[in-house]
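Paired with subunit B in one complex and with subunit C in the other, subunit A is shared by the two complexes that follow.
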Partner chain A sequence: MSEPLPPGMNAHQMADALERFRKVIGGEWVFSGEKVASYHDPYTIPNDPERYRAHAAIAPASTEQVQQIVKIANELRVPLWTVSRGKNFAYGGAAPVLSGSVVLDLSRMNRILEVNEKFGYALVEPGVSYFDLYKHIQEQGLKLWLDVPDPGWGSVVGNALDHGVGYTPYGDHFGMQCGMEVVLADGQVVRTGMGAMPGNNTWQLFKYGFGPYVDGMFSQSNFGIVTKMGIWLMPEPAGYRPYLITFPREEDIEQVVEIVRPLKLNNVIQNAATIRSLVLDAALFTTKSQYYPGAGPIPPSVAKQIMVDQDIGMWNFCGALYGPKPVTDALWSVIRDSFATIPGAKFYFPEDRQHRPDILIHRADTMKGIPKLTEFGFLNWNGGGGHVGFSPVSPTTGQDAIKQFKMVSGRVREHGFDYMGLMAVGFRELHHVTVIVYDQTNAQERQKLNELFGLLVREAAAEGYGEYRTHIHYMDTIAGTYNWNDHALLKMHEAIKDALDPNGVLSPGKSGIWPKHLRQGRKS
Partner chain B sequence: MKRRQFIHAATAAVLIPVTVMSSPAALGSLRRKWDYVFFDERFDQAHRVATSWSTLNRPIGVRGDITPFWSSGLDRLAREQPLHLRGLTTDSFQFCLRILLVEHANLDARVSRSDPNLISWIMHTTPKMLNMDQPHV
Partner chain C sequence: MKRIARISILASALVVLTTSSPAADLTGKEVFDHYCSYCHGSSDGAGTMQLRRTRGKDQALLAERTNLSPDYIEYVVRHGLKSMPPFAPADLTDAKLKVLAAFLAKKLPPGD
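Here is the complex of A and B:
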């Protein structure tokens, strides 16, 4: 299949653009033809093979090259789809929303510019992965911990920009961001916060600088290209004690979350802990067919068998204590006593776990910032290897948690999938992430998944629940649910887009934000 | 699937090209000695089949997770030398290995599903230019 062209460009114009890009970055860093395959979404959802396909990809090595590229793109009206490392799997990977776009792959911009142990921060380019930064910190012997999302191969910058989460006390990645360098659509370079002042030495220490705080505008957006970012790192604590608490019944989630809220608000639960469902945890290390040969979701009797075999619960609360032993002992006594009010709750430290591999042993690494790929084990549950995340946000109340769980798990099971969910604990909200694992080679199953996802979005929105992040296939849909006051927020996004990127060359369609010439008829 | 049937299936024209590049044909490469062979030790069939393959090193038992093998040397090897790898593993191991290798090397990968749990795969790599993926301060 030939690679598609973007609207308004013919093959000759695109060839001219790619030649101009070659002169800037070198021919070996302009990818076309079969080399574009690695930029396709490995977990594609629609059955139309023409959707979400890049025409080519280009990989600059410096901010200066990015500046030259956007100037050419503006001149020739080439849509660029920016990715840091392109590992945003389950949300589209490196694939563009607009077919025919040229992927601007920043993975060669992989310099770790500074790691400051005294103040606990790093300044990095978008191509730096969690694996890279972790390795650097270990090699230098620095007393700093990363906060990592589940897959460690992603970009530190990209994950923060996409509002990703991790599992230490620094789990809100965009919250830990401090200071950016951004290339705007006209090629201008901006440094945000204190970075706007020449000679200032607090760029990575104080976020706000003077005047409007604009960093958030460049997250989940298409208003600029972030080429450097500061990220705060956690000082290595004096002690670390991961723990697991299991609960035997699905309906326990209501009481669990009611207990979590005051503990988290008061910092007794220190980290971005997670409440994980049975099948999600079981799927990391076993497959469905090892327990159940039938079609459709596993029956309750099988769920009980898995609980016994793997010594886990219907819900599994993974948390960790950080600090000197007297502090962690005191915190643990409060946590234990609080959850002990739930009948059947069981409490574990790593030394209590007998099975290998084991969920707590695995999560103990993640909750201390060691990057891994272990979590991809859930791909093996069904066979077929596809997955997509449905991620509505919920207040931290038992009532909302059980309501969301029933809504989502009910629909997921009706459609023949197992419920594989987790609730990541923020200070005042839960990210309720449901992973739907499907057979990506089966067109009918992809169609079924697509119908299910649309239903989930509509039903969640009707109850006032919105997704925090989504696959490229659903960006317009999700943006459409944030429609208070006749889409006032989207209209503001579009006004900013038109002002900063009037030719609409930066990531058209990202988060439902389209340039003026591609906007018509989409807001329905 | 019995061993003989599996080998027959793997050597028949059922291998799905994931990344098709100018490279040795799959059938020819199946007769070579592999640098490393991986099998998922949770499944007897994977163990049986993998130990029948000709390999320069002892077949490596895994449990779905590439992380320990990648960070303990496979990443360096992929950057430095051509590798000829074969495996009978779950989706996650094959998928993660393929994505990781593509970053460091030119990759010719072929996969076929063996059963609901297992994927049979071969991967041949040649290192990319060395300045591509070395993070530095």
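Here is the complex of A and C:
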């Protein structure tokens, strides 16, 4: 299959564009033909092979090269789809929304520009992975902890820009970013916050600078290309004590969340803890076929067997205590006494766990910022390898949590999948992330998944629940649910898009934001 | 990422690590350790566990396999396989892939 062309461009024009790019970055960093395969979505959803296909990929090594590329793209009207490292795999990987786009792969821009132990921050380029930054901190012997998402190969910058979460007290990644360098569509370079003042030494210390705070405009957006970003790092605490609390019944989620809210608001629960479902945890180290040979979701009897075998609950609360022992002892006594009111709750520290591999032993690494890829194990639950995240936000109330759980798990199971969910604890909200694991090699299953996802979005929106992040296949759909006052927010996004990127060359379709010439008929 | 030079060090620990080169300046083992070992380097890696289930205990650890050809390795790395996503050439360059494939195919019997 030949590589697709962007709208309004022919093969000759694209060949000319690639030649211009080669002159900027070198021929070895322009990938076309067969080499584009690794930029396809590895966990594809639609059955149309023409969707989400890049024409080519290019990999600059510097901000200056990005500036030159953007100027060429504007001159020739070539759509660029920017990825930091392209590892956002549950959400489309490196694949563009608009087929025919050229992927602007920033993974070569992998310089760790500064790590400051005194103030606890790093300044990095988009190609720096969590593995890279963690390794650097260890090699330098710095008393700093990262906060990592589950896949450690992702970009520190990219994950924050996509509003990713981690599991230490610094779990809100975009909340921990401070100061950006951005290449705009016309090639101009902007530094945000205090970075706008020459000679200033607080770029990574104070977010807001003077005037409008614009950093958020460059997250989940297509208004510019972030080429440097500051990220705050946690000072190594005096003590660390990870724990696991298991609960035996699905309906326990209501009481668990009611208990979580005041504990989190008062910082008794210090970290971005997670409440994880049975199958999600079981799937890390076992497969469905080991327990159940039938089709469809596992029956309750099998779920109970898994609980016994792996010594986990229907819900598993993974948290951690940070600080001097007297502090963590005091916090633990409050946490333990609070959750002990739930019948059947069990409490564990790592030394209490008998099985290997084990969920708490694994999460104990993650909650102290050690990057890993262990969570990829759950993709093997049913052998098909595909996965996509459905991620509505919920208030931290038991009523909302049980309502969302019943809505989502009911539909997921009706469609023949197992419910594999977690509720990541923010300060006042939960990210209810349901991972739907499917056989990506089966066209019928992909179709079933697609129908399920659309239903989940519609039903969640009808109840006022919106997703915080989504796969490229659903960006228009999700943007369409944020439609208060006749799509006023999307209209504002489009006005900004038109002003900053009038030719619409930067990541067309990202988060449902299309340039003017591609906008017609897309709004639902 | 290979650290080549520390350009400057200030009081705030300013460090610059330069970008990777298209030339393979790593050995096959080093490429494997950097890119593959998190899933395929130990008995409880996600890739090892899945290969153990689907192909048997003897086929679980990639570095011990005797039936991996360089062409097959290069194809899987660039295209992915089921739960394993592909690796793009901007990061895992063709030169690195070549030495990785040679490393993993080292136990392939001659003539295969």
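Note that in this section the second predicted complex is superposed on the first by the 524 of 524 C-alpha atoms of A that agree within 3 Å, B and C clash if a C-alpha of one lies under 4 Å from a C-alpha of the other, contacts with A are read in each partner's own complex, and residues count from 1 in each chain.
Going forward, contacts are C-beta pairs under 8 Å (C-beta built on N, C-alpha and C of every residue); 3 or more make two chains touch, one makes a residue touch a chain.
These numbers were taken from a predicted model, which means no experiment stands behind them.
Look at subunit A after the overlay: subunit B and subunit C clash there. In the superposition on chain A, contact of A:G224 is made with neither subunit B nor subunit C. Judged by the number of subunit A residues each one touches, C leads among subunit B and subunit C.
Contact with neither subunit B nor subunit C is seen for A:G313 once the two complexes are overlaid on the shared chain. Applying the stated contact rule after C-alpha superposition, one finds that A:A57 touches subunit C and leaves subunit B untouched. Contacts of A:G421 after superposition: neither subunit B nor subunit C is touched. In the superposition on chain A, A:G385 makes contact with both subunit B and subunit C. Of the two partner chains placed by superposition, subunit B and subunit C are both touched by A:K372. In the superposition on the C-alpha atoms of chain A, the part of subunit A touched by subunit B in one complex and by subunit C in the other spans residues 28, 34, 37-38, 42, 87, 107-108, 110-115, 127-129, 131-132, 136, 152-153, 285, 287, 357, 372-374, 376-377, 379-380, 383-385, 441. Contacts from subunit A toward subunit C in the complex involve residues 28-29, 31, 34-35, 37-40, 42-43, 57, 59, 61, 85-87, 89, 93-94, 105, 107-119, 127-129, 131-132, 136, 140, 142, 152-153, 285, 287, 356-357, 372-377, 379-380, 383-386, 440-441. Residues 1, 12-20, 22, 38-39, 44-47, 49-50, 53-54, 78-91 of subunit C are the ones that touch subunit A when the two sit in their complex. Of all residues in subunit B, only 19-21, 42, 63-67, 70-71, 90-92, 95-96, 99-100, 102-103, 113, 115-117, 129, 132-137 touch subunit A in the complex they form. Across the complex, subunit B is touched by residues 28, 34, 37-38, 42, 87, 107-108, 110-115, 127-129, 131-133, 136, 152-153, 284-287, 289-290, 357, 372-374, 376-380, 382-385, 441 of subunit A.
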